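Next come the structures, one after another.
Shared between the two complexes below is chain A, which has chain B as its partner in the first and chain C in the second.
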Partner chain A sequence: MSEFLLDVKNVKTHFFTDKGVVKAVDGVDFKIKKGETLGIVGESGSGKSVTSMSVMQLVEEPGKTIEGAIKFKGEDLLQKTTEEMQTIRGNEISMIFQEPMTSLNPVFKVGEQIMEVLMLHQDMSREEAKNKAIEMLKIVGIPRAERVVDDYPHQLSGGMRQRVMIAMALACEPSLLIADEPTTALDVTIQAQILQLMNELKKKLGTAIMLITHDLGVVAQMADHVIVMYCGKVVEDAPVEELFENPSHPYTKGLMKSIPSLDDDKRRLDSIEGMVPHPLRLPKGCYFEPRCPYAIEKCKTHKPELKEIASGHKVSCFVATEEVR
Partner chain B sequence: MGQALLEVKNLKKYFPVTGGFFKKTVGYIKATDDVSFKIKEGETLGLVGESGCGKSTTGRAILRLHEPTSGEIYYKGKDVINASKNEMKELRREMQIVFQDPYSSLNPRMTVGQIISEPIVQHGFMKKGKELEDRVCQLLEKCGLARYHINRYPHQFSGGQRQRIGIARALTLNPSFIVADEPVSALDVSIQSQVLNLMMDLQEELGLSYLFISHDLSVVRHISNRVGVMYLGSLVELSSKKELFQDPKHPYTRALLSAIPVANPKTKKKQIILKGDIPSNVNPPSGCKFHTRCPYAEDICKEQVPEFRKLGDEHFVACHLAK
Partner chain C sequence: MKSEAIKKADAQKKNEEQEVVGLWEMVWANFKKNKLAVFGLIAISILILLVILAPIITPYERDAVDLLNAEQPPSMSHWLGTDELGRDYFTRILYGGRISLKVGLFSVGVSLVLGILFGGVSGFYGGWIDNILMRIAEIIYSFPFLPLAITLSAILGTKVSTENKMYMVMVIIGVLRFPGLARMIRGQILTLREQEFMQAATALGLSDSRKIFRHLIPNTFAYIIVNATLGVAGAIMSESALSFLGLGVVPPIPTWGNMVTYATRSYVLKNMPWLWIPPGFCIFIAVMSINLMGDGLRDAVDPKSNR
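Here is the complex of A and B:
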């Protein structure tokens, strides 16, 4: 077994639509160590959620993971049968979603929903499962957990629901937690509570986290390592401090400059011109070339590949890699 | 910056809560509860707060999109609340709104040209024809879109472009005041900065005043001259942007500022993590509404409603303990 808990190699997940093939995830590589937090950053349509769905193998028709390997604890998830995947999902790898209201079942009590996972994966009796559910609700900081187990999702606030989702996801003590925009739907003061909770639980239980977000602030606070995605490809891959100190891909640079800062008094924000290209009409060369202020001739015709420019820091950009050389 | 363009005094908007078989009113949601502020000409007042704090209701009540329960609103000295239907139509030429969701605020069955020209025709400024088309194209170009977009439908545009259409529509009647209700919240960061730049350019060019409503403090800080912070329907702090961000007085403002994740992994700032959730605004806590979550609360906070006091030059705070 390698030192990596999750080793994703050259994964391609394409959607075969009537109008053409949408390459939502197109050759993505990344690794997550035990107990580490990997941040995946990108804007809407960059393929970050499809990447997580590919790991969970929850990609629906007409999408399909057509190439690559997803090694979890040394075994390739893409070779597993549906039944085998079911024993892994929710047990060894679990997931929390952006919208806590739509991902909880409205007609079941929250306790029942947590108990279901435990009875299915851990063969617990109802009573054992209920006790464990109450314990989990206490761990995620829900007051009066004994009463809340018997509440329905609509009786809880957004922050509480997200805590229930986290309790459910962590009930079986998974080694990998995939969090897809876990705090995007929440208010800042509640977001701060949830992020603090996730960090505490990571320390306590040693869970690795794959954190998908568009918020660079959240990434800076939570992640150990970051990948930046654009149009289904990883454009930059670096340890978190290196990425923020030395962003090298023009897209990453642009993203960082376009966030209004809390202690800077610039009148105009730098912004990235134009918009994300249509997934069926991607540019021939580098996908970022039409919006890139540094583009050279080569960028229009050739696709750059990820190259290491410093220890652990990889960039896919002709200009950035040439500067270094 | 000149005199007060808009003055809001003790504005209240309560929504009835009905229950039982006969839909009797059993209580009120105090969405906006006694809010007062002024906006000067050419100024941007930012209004921040978390969901349910009443910031959007306040914005809409000013335009009487929600009929206010009580209070006074004056626009250029004219009484807005008691304006007749015709007077209101006149006033709405000058007071416009840009909505949050660019997907649901544009009619999917109308072309961009129809969407933008509708207010002009409605108010009887121009008849359909070449002149109108030129005006629409001019507005499109001003907002960073192209002439050929005029015959397209909203679904053919991206989120950022739709928000530009929403802004162009708000500008059709040459307003002087715009309520911008979370105009960039639905957009990606790289697009968000484009729209913010556009709004600031237009302000400079046309001398617009904005009431800029957002939950995102860094966006509000960027665009506003003064900022008001709302909690459970009331303003808790109002001051110039500089003072609010450098020297916040209200404990809620402090917690809100410290809760924003900073895009720099090296600054491990000390966060004030508030306990618990926002209470319901049907039965808000007694005294200071924030006392249930306030780390400094004392006995007086549970009993007496704090006054909205002046603490410095243009700096107002509703807190018993703030100095």
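Here is the complex of A and C:
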């Protein structure tokens, strides 16, 4: 078994629509070590959610993962049958979603929903499962957990529901937690609490986290390692300090610049010019070239590859890797 | 004026408190506001109680023949008189009610099972599975109910005993009524399956059948209960119609339906009204009260009708 918990190699998930093939994820590589947090950053439509769905094998028609390997604990998830995946989902890999308001079944008590996972994957009796559910609710910091197990989702606030979702996801003590924009729908104070909670739980339970977000602030707070995605490809891959100190891809630089700062008195926020290209009309060369302020002739015709520029820091850009000079 | 405003505010407050308690409490609170529906609930409850307690209420046997006392008008010893074989009519009304209500409940049970199965599976999977299942349901749906029921019970009815014929009628009514329920459930599932909590359920590693029957169907219970309640009334009517035509449950097993048959004899119709008014009245009360209750339930369940 390799030292990596999750080893994603050259994964391609394409959507075969009537109008053409949308390459939502187009050859993505990344690795997550045990207990590590990987941040996946990118704009809407950059393929970060589809990447997480591919790992969970939740991509729905007309989408399909057509190439690559997703090695989890040394076994390729792409080779697993539906039944085998069902024993992994929620048990060894679990997921929390963006919308805590609608991610819980409205007609069941929250306790029941946590218990269901435990009884399904861990063969617990109702009694044991209930005790474990209460314990999990306490772990995620819900006061009066004994009462809340018997509450229905609509009786809880958004932050509470996201805590319940986390409790449910972590109930079986998975080795990997996929968090798809877990705090986007929550207000800022709750957001901070939830992130702190996830960090604490990561330390306590040793769970690796794959954190999908468009918020660089969240990444800075949570991640050990970051990949930046653009149009279904990884454009930069670096440890978090390295990425913030030395962002190399023009897209990453643009993202950094567009974070509002308290120090300067600019009236307008910096933004990256232009739009994400249409997925069916991608540029011939580097996908970022039309929006890139540093673009050179070669960028229009050739696609850059991920190249290591410092230890553990990879970037796919001709300019940054100085190939042209 | 003022006191009314306060009352209103109180009622609202109460309502809000109850809303925190849960769906069913809210439904009950709304249901209570509808006087007719509560009347229906009380009426049907009394009827059910009478029917269940039949052996305690009346001293007579259901089929005890007493030819010396045949065709007696209502009296102190025979509250609703006797029929042509001298059987106590009140006793037969009570026991007949047992059968009628049983047929209503059982056939709704049959359509519930079929409806949930068909509706749940075709709504969840969609595509060709949905197409096949719904076309089957629609074929059954498109037959006119009564002629088909008559034909079926005429063909199948000759081969079975009286007792079994009762169950056969239940199944026929149930099967013929399920498509409506199946379509309703399918429609609900179609919208529910796209909800985020279903994606979450998949991510938790739940199997398809668990997702359909443990997570989706319970979300449609409110609608199912309304449909089933109204269905019981419909099934009682159908049973009465079939039995009236002699194709449903046959004597000596009494049902309200086959007891009304006395009205077809002109002599009885003219001279012995105690033989056909009471069963007709019972059908009327049962069906009306169940329908009132069902309507009330529907309004209580529908969030848009919340005033």
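To be clear about the criterion, the second predicted complex is superposed on the first by the 319 of 325 C-alpha atoms of A that agree within 3 Å, B and C clash if a C-alpha of one lies under 4 Å from a C-alpha of the other, contacts with A are read in each partner's own complex, and residues count from 1 in each chain.
Please note the rule applied: a contact is a pair of C-beta atoms (placed from the backbone, for glycine too) under 8 Å apart; a residue touches a chain by one contact, two chains touch by 3 or more.
Given the structure is predicted, the values throughout are model-derived calculations rather than measurements.
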Partner with the higher number of touched chain A residues, chain C or chain B: B
First (chain B), second (chain C), both or neither touched by A:P106: second
Chain B versus chain C as contact partner of A:Q193, first or second or both or neither: first
Touching partner for A:D215 - first (chain B), second (chain C), both, neither: first
Partner chain(s) touched by A:T87 [first = chain B, second = chain C, both, neither]: second
Contacts on chain A seen with chain B and repeated with chain C across the two complexes: none
Chain A residues touching chain B - in the complex, by the definition given at the top: 43-44, 157-160, 187-193, 195-196, 214-221, 223, 240-241, 244, 254-256, 258-263, 267-273, 275-276
Complex interface listing, chain C residues touching chain A: 20, 22-23, 195-197, 199-207, 210, 214-215, 218-219, 221
In the complex with chain C, residue positions of chain A that touch it: 56, 58, 85-91, 94-95, 97, 99, 102-108, 116-117, 120-121, 152, 155, 165, 168-169
Interfacial residue positions of chain B with respect to chain A in the complex: 50-51, 158-161, 188-194, 196-197, 200, 215, 217-219, 221-222, 245, 255-266, 271, 273-274, 277-278
